[in-house]
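Each of the two complexes below includes chain A, the first together with chain B, the second together with chain C.
Showing the complex of A and B:
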């Protein structure tokens, strides 16, 4: 192996990166980050095949992005998260892959440098899913977070309903008809963008939705897209550039 | 009087005191009823062989009660049957087990859990992990009182009295592998795994854990038996689970069944990523549900990561049996375990029978089905309670996967 680094990248906010890794850690143990001319990408399908996380960070999201050719960095998600937790707000994250080693540096007032093994993570074939969604809403991330927390108080299922293009409901579904409801309307400005091409209603597991709540700390806006009894797609736009998408299979009534 | 909902009792099983009372009223009443069973010796000197049998109490931890159980007047193989879950299974009725256990006398010593060595010095610890009954003598402070206690995790014991002295009168014969483990300065979790895979009797491992014979030498503790049972089930289960979730899936939906002591089990294995759902159905007029009109249903779930909704002694015993089965077959599956408790189960006698019944159920030949729905329809017909609604709401039925929408 040569001594030259095969990839060196530097991300401006280690805490934002931590939020992404935290979400990944909820659904999978090991993952590989692909580095190419288009940027960095992590795709992880949970072993029960119920949820998929897709992280895309273009080169412009990084302070430094030097990748000679396609490179892949494989790591244990829980261990990586442990390292990231040592960082503080405002710290920078530097990752360098060289041979079979990866050096991770958290750079703030002090520089913390960790060297880990670049794991050979077997990548499952994950076909690109193609969807059309009949309802699509852009909301403040906090609003979604609170609605899910409210729903959690009554049960383990959340129901999204888009009856028309002026109202949007997020409901907690509890045992024996109990429930909690959050009603969002276009007039109050809560629905920043809202398109409904067909009345849509679907239910999802709160446990699985909670996995990505860590991302509401770094993304201000969330897009919620779904169709009746079909998968849900949550889109988080990261500050600077970059996007995380979370795809979740429905629960049937 | 305070009314306690039956669903709470069925989850608590007298162990967690979820109702907030200082003692379980159901158990108290029940204990009074079965006192009639017990023959009462009036002597303070007890001879007999421990089968072996040991209970470490949890009250007052770390000053715990160590109950060294001996059937007065029984020795050798005749003493063995007083504590022998594997030997009991399928042979003894609930009445017979209760009667046997009511003939067992607990000589109780108060010991600091942080100093298990006081029991070791007197050979008491080794006697409790012996493969053969061990003749013993106890001098009691006063004549024994009936104390038949029932519990969802522990086996009942008939009589008890504080002991001035417990003397082991014969050399205990612990399994060789375990004898070595006693001087092994390694973490308990590691040693338990080794003992399990080298074939040491499961119930002996639990007693070794409880008697403070396992773990880092300087951190040895007496472990209340109820905690020790759950600890061993979860430690061994975790090791097996790590193996199982790397295995290929089974090919078809399989249905297994078993019944013992008024407890009916159906296990459905589904070709999908590991995970479990536990459905427990208590008929009205069982001990915990005397106040209920309709069967009480409790559901516990575990995900691929091994995270469950709540810790339950019955669930974790059944789960162990399922994991053992999958581990041995080198296969992975999603399991639905249904336990129906019929009114005949009038006295809870511990969680051993759950572990053993599910183990034996899984040794049988499965019925095979092409779909989960067919297997659940079949399962619904195997129970006395109407479970169709409950089974329809299972996560494995309602939660879809992304595969439907992801065509390559």
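Showing the complex of A and C:
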């Protein structure tokens, strides 16, 4: 084998990358990043198969994106996260795959370079999910984060309800009828985009929603999509380009 | 040699449909309606199914085939993944309380639950029981040996589905199907040899077939006879008993005894229970129990002195010793049963505890030994308590007995005694 790099990419913000890896680390131990002409993609299904993180970064999201052919970089999420934590805001992240090694460089005032083994991660079979949602809301990420934190104070379940296309409720459901409610309306401008085709209501596990809260640090807006007793999709648009989607199965009563 | 990635045939030819799972019709008849009841949305009384049977007979394959055929998601955990409570809570319990992302339902499969030990993994067992309480989806467990005492709570909560060792014909037919699909020249006689030596373990039969086919490009009887060995297997107690009683040679009986999936003491219980069922001639029974009691004497010495080298003689006694007691009785097929002694002991565990507590309580007060209390005092107390509730209440107070002890002594009239006891207190 030649020593030529099979892939070299450079991402402008190592901290944003860290947020994504942090979310991954909550649901899975090892993951593989696929590099192809369409960009980088990471898909991870948690062991209980109820949550799916799907990260898509097109080539334009990178400062440098030279990928000769399809490549795959497998790594231990917790270890990778440890390396990324050494970086500072504004640092650049460079990843280079060569043979069975991957070099990760965090480039700021100083250059930190780490070499790790490219793991052969067995990819889980994940069907391409096609879903239709009856309610879809785009709102500020901080609002969602705070509503979930409020809900957490009373219990382990959060309920999303979209009764009509002007109101949106995020409720914490606790034992014996205790609860916390956040009401968002279109008039106050909290709901930037809001479409409801049918009254929808569903409950989800707070523990699992918390897994992706780290992404609210980098994404300003979040799209919440759901239907009655059906999976929830959270979409985070990353600065520059790129998107993270989080699918979560509903709780059964 | 081809450079294509080598896939084990056991994976490549995994059954995809329920019909493709070899035999096990009785198991299918039990399991399928149970799964269908879940799918109709009503939770069956038994939340879990425990599939048990020897290795390689299709337990996991059947679950996988059902999931595939019914379009269900399979959330699978192996024994090594669920040694700790957190692991079960993190995966199985979470999966059990949410719907599936991609499928219309799911099956939670805990493979090889007999791999968890009762003491070291206590937390894991409790977590599984909690899972069964809470689950909204069918939970299926598999085990080779479901009779170990630590699995009792799981057994009680589950639908028990027994898988049999596969018969020769079923094994041969699967093997020849694979030969055809692989385009390998196989002698039917060779397949019979492989199947016989696999003893109903289809997985090992397929592995043996693949090993020969890939090394030699064809499978002949001669190759099979030279290459395929009987594996060191463990047999469940039913099989061990049958093998012991059917042995023609001493070594066969001994091998059966040493390859038991239950330990030697449990095996002695099984023999104790089933010797009279199998041996109808009184003298044969006498000889068999002689051998068994000799084994018990060795066990006693082992326990007292720690001389484990005597264990070898225990096996000689329970295996050949019992087998060759059979001189007049002719072997005939007998239905063996689980040792009643163990069932009774389990059922009476609480009562025996109270009796022990009562014995040591009274022994201290009456300055006598616990065994004297049990043999000479408790029987009389029981008569008094059952016939003279009022006097009994005075005794109970004088002897400072707890409510559990009073209940034990008074049996059906416990409430009368307790009422007297309470009215005197005030």
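Brief remarks on what is shown
Heads up, the rule we're going with is that the second predicted complex is superposed on the first by the 253 of 253 C-alpha atoms of A that agree within 3 Å, B and C clash if a C-alpha of one lies under 4 Å from a C-alpha of the other, contacts with A are read in each partner's own complex, and residues count from 1 in each chain.
Methods note: a residue touches a chain if its C-beta (ideal position, glycine included) is under 8 Å from a C-beta of that chain, and two chains touch if they have at least 3 such contacts.
Note that the coordinates shown come from a computational prediction; the quantities given were computed from them, not determined experimentally.
Look at chain A after the overlay: chain B and chain C clash there.
Legend: residue contacts after superposition of the two complexes on their common chain; A:205 is shown touching both chain B and chain C.
Judged by the touch definition given at the top, the superposed model places A:231 against both chain B and chain C. With both structures placed on the common chain, the touch criterion links A:110 to neither chain B nor chain C. Shared-chain residue A:252: touches chain B and chain C both.
Shared-chain residue A:52: touches chain B and chain C both. Considering which of chain B and chain C touches more of chain A, the answer is B.
Once the two complexes are laid over each other on the shared chain, residue contacts for A:122 go to neither chain B nor chain C.
Comparing the two complexes, residues 47-52, 127, 129, 205, 230-231, 247, 249-252 of chain A contact chain B in one case and chain C in the other. Of all residues in chain A, only 47-52, 127, 129, 205, 208, 229-231, 247-252 touch chain C in the complex they form. Taken in their complex, chain B has these residues touching chain A: 245, 272-275, 303-304, 395, 397-408. Chain contact summary for the complex, chain A toward chain B: residues 45-52, 125-129, 131, 205, 207, 230-231, 247, 249-253.
Chain C meets chain A in the complex at residues 73, 75, 90-92, 94-95, 97-102, 106, 136.
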